[in-house]
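Written out below as structure tokens is the structure these notes cover.
All chains are identified by letter, namely A, B and C, in their written order; residue positions are counted from 1 within each chain.
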Amino acid sequence: MRLEVKKTYKLFIGGKFPRSESGRVYIVNNHKGVFLANVAKASRKDVRDSVVVARSAQSGWAGATPYNRGQILYRIAEMLEGRREQFVAEIRELTGQNEKQANQEVDSAIDSWVWHAGWTDKIDAVAGNMNPVAGPFFNISTNQPTGVVAAFAPQDSSLVGLVNTIAPAIVSGNSIIAISSETLPICAVTLAEVLETSDLPGGVVNILTGNASELGSWLASHLDVNAIDLEGTSNAAELEMLAAENLKRVIRKGSYSRTGATGSLQHILDLMETKTVWHPKGH
Amino acid sequence: MFDYSPAPESKDLVKFQASYGHFIGGKFTKPANTFSTINPATEQVLAEVSHGTAKDVDSAVKAARTAYEKTWSKLNGATRGKYLYRIARIIQERSRELAVAETLNNGKPIKETRDVDIPLVASWFFYYAGWADKLDYAGLGANPRAHGVVSQIVPWNFPLMMLAWKIAPALAAGNTVVLKPAETTPLTALLFAEICQQAELPDGVVNIVTGYGDTGAMMVGHPDVNKIAFTGSTDVGRIIAKQIAGTDKKATLELGGKAANIVFEDAALDQAVEGIVNGIFFNQGHVCCAGSRLLVQESVQDVVIKKLKARMENIRLGDPMDKNTDIGAINSKEQLTKIDRLVKQGVKEGGEAWAPSCVIPKNGFWYAPTIITGVSPANTVVREEIFGPVLSVMTFRTPAEAVAKANNSQYGLSAGVWSEKGSRILKMADQLNAGVVWANTFNQFDPASPFGGFKESGYGREGGRHGLLSYLKGSN
Amino acid sequence: MPTIDPEAVVGSRITNQSLSRWLHSLPGVDKVGLEARTASLGTRSIKTASKAWALDMAIQMMDLTTLEGADTKERVRSLCLKAITPDPTDLTTPQPAAICVYGDMVKHAKEALGKNKIHVAAVATAFPSGRASLPVKIADTKDAVNAGADEIDMVIDRGAFLSGNYLEVYKQILAVKAACLRKDGTRAHLKVILETGELETYDNIRRASYLAMLAGPDFIKTSTGKVSVNATLPITLLMLQAVKDWFDQTKIQIGVKPAGGIRTAKDAIKYLVVVKETAGEEWLTPKYFRFGASSLLNDVLMQRQKLTTGHYSGRDYVSVD
């Protein structure tokens, strides 16, 4: 009998798969409580490193054409589809869901990438404005990504919750540091592998596995983070307080559903800034 | 010599009461816990106003809640709109009186209140009046809902204009409000309360509570308030964001700024100089979006500074009630002290301050328009919001350097860029991290145009469709 | 009188190419910004003593003008008498700077004005279109100078300017300036009319101002008064900025004359505000600022009467001219 080769579950930072700089891991069990894997337990310094790479990747990602971003998001859907069996197996192993339920979750995750991919070049078409001001001016409001987003994926979802946390942030050109569900981190690492092979520039998405409460305060108080999504946190009020220090944009818990095959434009816009440009009209 | 003779606007156009209570549930309360509000140009007392207590705030919120539930949310959009149109018209009718009142209480020149503030106040109500029955088109799908009761806190730099920016969209969207004007400039808000009465606005839809920061904090903290809208300093914005953390309260925050005004060598230099002047000396520099950091391309630095200084010699500082005054009084002694301290700090750090020769009046609070050259991005005057008529001047060599320096700030409210090259303007507009980019112009405002900042300049927008969204939520 | 070296200003030998490069290197003009600045200055409130000063200055800056095909000796004589005594009811009223007429009327004007210090200005160079050969323009100029004209108001060749032939425009101004020389070595003052209404854009007007200034005139002037857009406040502000910048650069002070369409005292005062706050007090003299106008004088006189007497005057209390 051939001995199975097991995966080492690592972090995803700057397009690479490092271990936690702390060297820490934590045990993840399957739904029966049997040991499944040692998963990297991200530390404060992993947060720090992730923010640095997320910041440096952000302007290039935002500067890519919307068409290009759309194609890359669609590519993610393609890659995910190609590995659906693995995701289905991981979800079942981890949560004990039946095949149909697991398939449904993977379907939603794939379709949500497709849904988001289509938005890249339409956001300003529906949420931007030509403003008819009372003067000889051209005046236009467009939306641009807020910058670096820190997000806590829902704790009760393996895959679709994470996808519906990452996609609304990066669709517009933000970069993200996503903290996966602590107890359901396996699909997060596999998703990182999908992202890594999807032409997504390194550093745009960074996925940390570990304890949201431990990492939360470092992200919430980080002055180079522009927005924070508190969905998967257990101490949201405390983190919102820390986030106030540099007036981070905050998505409170429960603001948006993360289970579907579609997201919300409002969710996308919450992580964007409206920019209004004036220019005189005259010969 | 062509010296302009005094051309004072008449003070008699406005009659303040000796003392004011709060405006709650459609009626003025009896004045209590009063403090004086003055004319900062003369330091004369204009009236006594009441310092709002927890009880006052509570009864204002109750009045707003009752009005929301019993009347305002029951009215159709068209009717709400008609009330706002009425208000807009009454403001136009009483515009001269309001301009005088604002100038007396704020110290800004009558020219500005007459030509900028009050016309914008009227246009803001007129604009949002038209939205009230078109909320389905706001962008949230059919049947969007109001938040309910909104606490609104406005600053002293554009007292009535900020009130209009807050109240007009809130009411159009179907909310009711409790608004607090700044402690130094409460009078036009109280005149606005009278306008609500003249417009027969249902009682409690608009409530005005006067007072200091503690009153504002109670308005933010009140459990029956659904949304906060605040314009003011970033420090207070932070406090509010913390205060509402963990609640369901939404917030729109318009906070500080330190805008870069970038002049390229291919700019229309004379208009750029006008834009620099308008950018920093408009309203004594008491403008959160003021272009307080001039970034001028090295090759045109000398000519721009020379033209700027020549232009500044023509700025007329003095009696705000004189129709020819360009720069009026600083709004308070406290603000004057802050400006003075920061400029001294700038000089201590190696900057060179220059001001044109102008006569400073004996009474009141005044600061001559000032530019500080020889400063770098590390200097205090370049980093801190001065909120006064003080311009820091720096240079750059390339567009990339201009962008890097302009974006090097914790703020991101506005920016200016001057170039006659279209593609450069568009690229700069893309790269500048600011909520408003004025290209070949500065300090333009319009009710149809969203205004608000990136980063520590706050969040949410005021003006336009976006400004309406701040007061609505989806129907789900 | 100080002079400039045009080649030093342009930075090269004067050719059409070098002129073109020079003119197109001038900063652009933003229309909206310029007009906003002008509108803002237009809100200055000029009252009491400053208004009295401004009204008198406006009269002294006036080139009282008649430029009609129907002009006659008598018509010109009557205008001159009006200039000598603008308001018989108030002999403190100052006199305008000049009478502005067609070249053939110069002698009648000189005769009517006698020894009075009021100048006679003549339009020349195939006014108003400027469509004639250079020899004709020179002859036109010399004719007026020989008849005694103190000032020559020439028009530039707008066709040449708009087609990019700057050298031609420049050479013509130099030639006309030379034609202003009198036998005694003195020279009639030269005003160069840009006809801004035909140049249309502010960028063109700035370039035309600089091109004209390079040729060394005494004044640059907006308009002939014969096209649909004549003097406007923003155009005048732009030209005042140009002469101010020119002075800063060369130390040569050149005057500005808006002409056409300035009809009310209120407008004239706005122009004076623009002069003061753009070029500066140094330009607030008839030597450096003129109004080309005809009906303006009577409105200023009525306003003057109002200030003196305290009640409003009427058209029948000033003379028709």
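Note that in this section a residue touches a chain if its C-beta (ideal position, glycine included) is under 8 Å from a C-beta of that chain, and two chains touch if they have at least 3 such contacts.
Keep in mind the model is a prediction, meaning the values are calculated, not measured.
Shared contact partners of chain B and chain C comprise A.
Relative to chain B, the most remote chain by averaged C-alpha coordinates is C.
Of all the chains shown, the one with its CA centroid nearest the global CA centroid is B. Which two chains touch most often is answered by the contact tally, and the pair is A-B.
Put simply, the C-alpha centre of chain B and that of chain C have 44 angstrom between them.
Chain A and chain B have Cα centroids separated by 36 Å.
One simple way to say how far apart two chains are is to compare their mean CA positions; for chain A and chain C this gives 69 Å. Those residues of chain B in touch with two or more other chains are numbered 440-441. Contacts with at least two other chains are made by residues 30, 32-33 of chain C. Residue positions 135, 137, 280 of chain A are each in touch with at least two other chains.
Chain C contributes residues 30-33, 35, 200-202 to its touches with chain A in the complex.
Interface residues of chain A, counted against chain C in their complex, comprise 135-137, 280-283.
Remark: chain A residues 126-127, 129, 131-135, 137, 139, 141, 144, 146, 226, 236-238, 240-241, 243-247, 249, 252, 266, 273-280 touch chain B in the complex. Looking at the complex, you find that chain B touches chain A at residues 123, 139-140, 234, 237-238, 241-242, 245-246, 248, 253, 255, 410, 412, 425, 429-430, 434-441, 444, 446, 448-452, 454-459, 461, 464-466, 474. Chain B meets chain C in the complex at residues 1-7, 111, 115, 266-271, 274-275, 306, 314, 323-324, 420, 440-441.
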